[in-house]
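Across the two complexes that follow, subunit A remains constant while its partner is subunit B and subsequently subunit C.
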Partner chain A sequence: MLPSYYEFHNPVKIVSGNKALDNLPSEFETLGAKRPMVITDKGVSGAGLTKIFIDSFASSGMTIGAIFDDVPPDSSSEVVEKITSIFRQNKCDSLVALGGGSVIDTAKGVNILVTENSDDLLEFSGAEMLKKPMKPLVVIPTTSGTGSEVTVVAVISDVKRNLKMAFTSTHLLPDIALLDPRMTLTLPPKMTAATAMDAMSHAVEAYINLQKNPMSDAYAVAAIELIRKNVLKAVSDGNNSEVRLAMANASTMAGIAFSNSMVGVVHALGHAAGGICHIPHGVAMNIFLPFGLEYNMPKCRENIAKLLLPIAGADVYARTPEPRRAEQMIHYLIELRKALNDLCGLPINLKQAGVTEDHLPEIAQAAMNDPSLIMNPREMDVNDALVILKKAFE
Partner chain B sequence: MEEIKGFSNKILEINLTDKSWSISEASIKDREMYIGGKGLGMKLLYDRLKPGVDPLGEDNILIIMPGVMTGTGAPCSGRFEAIAKSPLTGIIATASCGGPFGIQLKTAGYGGLVIRGKSAHRCVLWFDHETVEFLDASDLWGLDTAETQKLLLASSTVKNTKSNLLDSVKVESADSKKEAILAIGPAGENLVRFANIASGHRFLGRGGLGAVMGSKNLKAIVAKGSHYKIVPVDSELFERLKKKANLFIKREAVTISMGKVGTATNVKFVNKAKMLPVWNYSFGEHDQAFRISGEMIKEKHDTKLNTCKPCSIMCGHKGKFNGKDAPVPEYETLTLLGSNLGIFDRDAISRFNDICNRGGMDTISAGGTLAWVMEAVEKGLVPHDVFAYPDNSHQVASDGLQQSESDKSAQYPLMFGSPCGIEEALESITKAEGFGKEMGLGSRALSQKYGGKEFAIQVKGLEMAGYDPRGSYGLGLAYAVANRGACHLSASLMAFEVFLGLLKPDTARAKPQFVKFVEDLTCSINALQTCHFTMYAYTLEPMLTKYTPKFVLKNLMLWLPEVALALFDFSIYPAFFSAITGIKMSSGDFIKAGERIHVLERYMNTREGIRSKDDALPERMVMETIIGDDKKRIVPLKEMLKKYYKLRGYNSDGIPVAKLFEQLQIPSEPCSIA
Partner chain C sequence: MSVQYRPVVPGIKRFKILVIKIIFIVLGRAFQSASQHDEEIKKEISSWRNGFTLLMKVMPDGPYMGLEKRDNMLEFKGSKLKKADLEIYFRNVESAFMIMTPQMGSHQAFAERRMSIKGDLNIATAFTRTLVIVMSTLYPEFIVKRLVKRVPPLTFKRFGLRIWLYTIGILLGR
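== the complex of A and B ==
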């Protein structure tokens, strides 16, 4: 049944293909930009990806205004300010984010300052505080998981003031998400698996929570199916371009899905565990996803059951009796986690991820304040959170 | 220690009905013609077993045979054979085992053990080189195979304790290393048609020989051997052959990988060849198959050797599963209780394996039957509420998730891809409780009652092993004509077609010739009684085959199979026979003996009613393609069968003709031994 009312917004142009990067100069031309600034990190440059990017500009006649390749793992306001200054000095007119979540959020932050002609991010923090159309921003993800290339969100730390600033605005949406498999070929197996399960958690939570809608459902289902078909190959045979491109597409689709329908308890717990015990986000998603689904089952059994189709395939779905589909969906997810654990050691419980049991109450408490809970199908209290955490512990 | 030069032809004959025993003598001629092990055992059975007897009745006869090599210390010779009429198939069942019983039987001075009749009371048969005892087994009844063996080995006064075996278990026995046990578990006691017999941690697996013991009220057999030393007649030649054999084993690829990771090494080959059984042979590959591969098991489960003794290949392993030591499940178990049920969780498969091993039943038939039930429930042939478990434990998935109260899954306790209910189902089979009692009859019997014969993956009542023949046509023919049913060891063509890549798998060409050759060679190997896996090392490492360029060998095998077969040098086997027994045997004699054994077994089966119509594969293999198979392969059985009969000397109904009996010097009438 269709919801009586919903909104869905995704104006990001997707440019996807084995040599998609080669089309970038003409895409900038279309956007009216002539001097893009490239924001990336040492890891990306070290893996030779920045060079591939530069080479793709070589014959175009277009000039790269500046390159900054020292974005730290956690995006901070200091770095944003530093890059903003370089952008201005070099008279750049557009941005390229080449990297993972931190690089993309940093680029979004830079875009806020250069567009608003400001030096203080804090004044724009919050929901829909940005009013002006922003500079052209092209995002080239080098991981397949965050979906930041298609989301309205950026999270940036203000180290001096000890704040974590969240920005949400449709203006933050990039103009182009460029998916080129060459950008993820060198991603190590464990990181590939963790980011893939991040994308999986986006798609699955998008499909079961309260703000779901037919558009987000379509993206979520397609993303899950692509992940199922490709994730094990991506982890075991990282050099396979076809598989890498599929995973990049899945991640973007999952991003579109969750940015329109929001996420739920899995993300709430994941953010809390990440904040307190510094578990990488993808690892936390991998750990909590089946337990979050199990918790939500009484409120959304039918939706979970429907996800058996993309996560296990048509044969399995058709041959599984309807009353068993929801449990089977979770079972298939659990088996997928075990397979990933076998392949690359991706932790499947909190203990393996280095969390000690005495941290669980603190994580449960922190999760209660996470905005992800707002659209979760089942209202979670701190005791429920603790029960889930204990199940996920060992 | 007294010596036996070569072999003993003394056969220990037991009658459980009147608790009597005697010793008979096998003839030298039979030794020459049938070698020992499976061969001589078959002849002993032929001379004693009347056609048409009830496999679970008093008249069935169970024969346990050591081989010529058993006890000599030759490489891979810790094996023995059992033969009887099968309660699962109604025809002859043979099974080979690498447990310790064979050596103790032989070093007690016997060349064979024949068990007839039925004991009025539950008993244990105990014997040494000079006497036989029939002990009360009331206290052992109901115990699993491991507990039974442990208690019997711990008892120092077994021989003298006729009233209560358990009274004596506290005394550690100095003699325990000289004793070995054959024991059945609850499955055998409850006449599960695919119950097996344990010896140590190895099993006489197929055909339900455990139920034959159960039907005779025979819980266990204890052999106290180590009285005789088995000495080869030509020890100098024997030592040279041992060195050569070990060299071959150390160099050959198949045996090397068996030693490194065990039979589970086959998973990767079979999955790649798209012939891995998945969902009752609906699919031929799975993207999670790597989880049950030998290589992954070795990496994740801290595996160590756990082999038959003596052994040079060392395929048996144990490792940590579910936090404790357990045998690494063999390839067949990983597929039939794993992939074929849609399960890739190694710890779960280890638990299923443990239930089967302790309960004493064949993992292949148990798994094949479970897969049939899953498909039959799915198709609505078997009502999904047939399972009535005493508690709700099956609602907890193996991953620890407690399913919600609204869960209706209890109504569908067995389904592909889910471990839920499998452990309870296996337990219910061993205990013959509820629907488990029906499952204990095997997939053929179930399909006869409920319908669904087309997906009962069995031949002649024996559930198929873990290789889909649509990926290996030669194996398809071998399954169809194997004497004991869908057996992968009668002629392991998948090794030549898939693992070694020597014979094109998806063609009928040359398959009848190779099936016949490998069947005959296998029979001789099982008569000499050494490990099946020596076949690759002993035939491929000799110079002629080793140094023939592979492409030449492959083309010869496909286009001129008779010429290619002449290149296979297996002379080390008859050389071992000659060195041990002092009886001259050529390669020709050896393969002829294998043919004789095979044809005799076939003839005995035709006396039980087997005809050409029974040499059939499940419909799925000849009518349906594997889902997603681009090549649309189905086994071209008819084409191969006709040629095979001709090569074998069978008539068009699959019966050996009189001329063949003359050629092979098989007596058309048994020398009736009452």
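== the complex of A and C ==
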């Protein structure tokens, strides 16, 4: 059934495929940019990806304005300010984010400061605080999970003020998401699994929550099917370019889905657990996803049931009686988690992830103010959160 | 005969704007009163800094409804505030009318992008919970059921607050 009203927005150009990177200079030309600044991290540079990037600009006549390769695992306002000053000193006119979630969020933060000609990110923290079109931004993800290359969101810590600043604005959408399989070939198995389950959680939550719409549904279903068909191969055979490209596409599709219909309790609990116990986001998503679905089941059983098709395939879907499809969907998700746990040790409960039971009430409380809850189908209170956390503990 | 093309100035939705203004006054005073008596609202706003301002605004030019946290309560500021720390926008008069009358709940309105937020999203999430409490205290359950995801229990205390709001709270904001 169609919602009585919905909106869908995704102006990001997707450039995907073998040697896609080599088309970047011509893409910059189309964007009217001549001197891009590259933002990346030591891991990406160490894996030789920055060199592949530089090589793709050979004989293009373009100059790379500067390369900053020291973004920390958690993006911070200090780093954003430092990169902003390098951007200005080197007279750059555009940005490239080459990395995972932290690098992409940092690049979005830099774009805010250079566009608004400011030195204080806090002024622009919150929803819809940005009014000007941004400098051209190309995102080249080196993980397949965050979906940040197609989202309106950035999260950056202000260490001095001890704040986590969230930014949401359509102006934060990059101009281009470039998916080149070479960029994810070196991703280790456990991180491949964790980021894949992050993408899975984006697609699943996008499909069940209040802002779902036919467009986001299409992206969500396609993403889940791609993940189901490729994730185990990507973890066990990381050098397979075809599989890596499929996972990169799945992550981008899931990103488009949740950027248009938001996420729910799984993310609220994951953000809180990440903030308090420093669990990597993908690991938290892997742990909470089945419990979040079970919790939401009374409000969206039919939607969960429909996801059995992409997560288990047509045969399983056809032979499962309709009243059992929702439970079976969760069952197949749990089976996938088990397979990933066997393959690479991806934690399936909070205890395995190093969380102690005394932290659960604090996580439950912190989850209550997470904006992800607004679009969740069921109103979660702190007692509900604690029940989910206890189930996810061991 | 040549056709004359002239600028067209659309009219003003006076009735709907008047209704929204009246409901903003009722809601603002209900917030001011409930924030002094309801323990859950007190708990929700306890972490907001003193002087924190909140504005509900119908785009593009109002009406407005402002609130300010003062001495652990929310003080109704009428339409005096034009900017605030947290601003909640109704996209247009029709959306505001639909939400305020109340034909649509805030979650549905956010989902349909009829309402949007400017400012701290964590505080906005807490504010939507206080809005649910105030709405469910003001309106009977058969209306509230359509507006919220979970109807808060109408405890004896909250039933008392409902009577208080209709007799004293909305009139005097106490």
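Basically, the second predicted complex is superposed on the first by the 394 of 394 C-alpha atoms of A that agree within 3 Å, B and C clash if a C-alpha of one lies under 4 Å from a C-alpha of the other, contacts with A are read in each partner's own complex, and residues count from 1 in each chain.
Simple rule for what comes next: contacts are C-beta pairs under 8 Å (C-beta built on N, C-alpha and C of every residue); 3 or more make two chains touch, one makes a residue touch a chain.
Computed from a prediction, not measured in an experiment: that's the story for all the values here.
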Practice task
Once the two structures are overlaid on subunit A, check if subunit B and subunit C clash or fit side by side.
Solution key: fit
Exercise for the section: For the superposed three-chain arrangement, provide the angle subunit B-subunit A-subunit C between C-alpha centres, rounded in steps of 10 degrees. Expected result: 120
Exercise for the section: Report for A:Glu128: first if it touches subunit B alone, second if subunit C alone, otherwise both or neither. Expected result: second
Practice task
May I ask you to decide whether A:Tyr5 touches subunit B, subunit C, both, or neither, giving the answer as first, second, both or neither?
Solution key: second
Handout entry: Partner chain in contact with A:Ala166 - subunit B first, subunit C second, else both or neither
Key = second
Handout entry: Partner chain in contact with A:Ala177 - subunit B first, subunit C second, else both or neither
Key = neither
Exercise for the section: Would you sort A:Leu269 into first (subunit B), second (subunit C), both or neither based on which partner it touches? Expected result: neither
Exercise for the section: Check the residue A:Val79 against both partner chains and state whether it touches subunit B (first), subunit C (second), both, or neither. Expected result: neither
Handout entry: Contacts of A:Gln328 with subunit B and subunit C, given as first, second, both or neither
Key = first
Practice task
Report for A:Asp370: first if it touches subunit B alone, second if subunit C alone, otherwise both or neither.
Solution key: second
Exercise for the section: In the overlaid three-chain picture, find the nearest pair of C-alpha atoms across subunit B and subunit C and give that distance in Å. Expected result: 18
Handout entry: Where subunit A meets both subunit C and subunit B, residue numbers
Key = none
Problem - Contact set on subunit A toward subunit C in their complex - result: 3-7, 125-129, 166, 168, 210-211, 299, 368-371, 373-375, 377-379, 381
Problem - For the subunit B and subunit A complex, residues of the former touching the latter - result: 279, 282-283, 287-288, 290-291, 296, 300, 342, 344-345, 378, 384, 397, 399-401, 403-404, 406-409, 411-412, 415-418, 420, 627
Fill in the blank from the handout: subunit C contacts subunit A in the complex at 107-108, 110-114, 116-126, 128, 148-150
Practice task
Within their complex, state which residues of subunit A touch subunit B.
Solution key: 232-233, 236, 290-291, 294, 297-298, 301, 312, 315-316, 319-321, 323-324, 327-328, 330-332, 334-335, 338-339, 342-343, 391
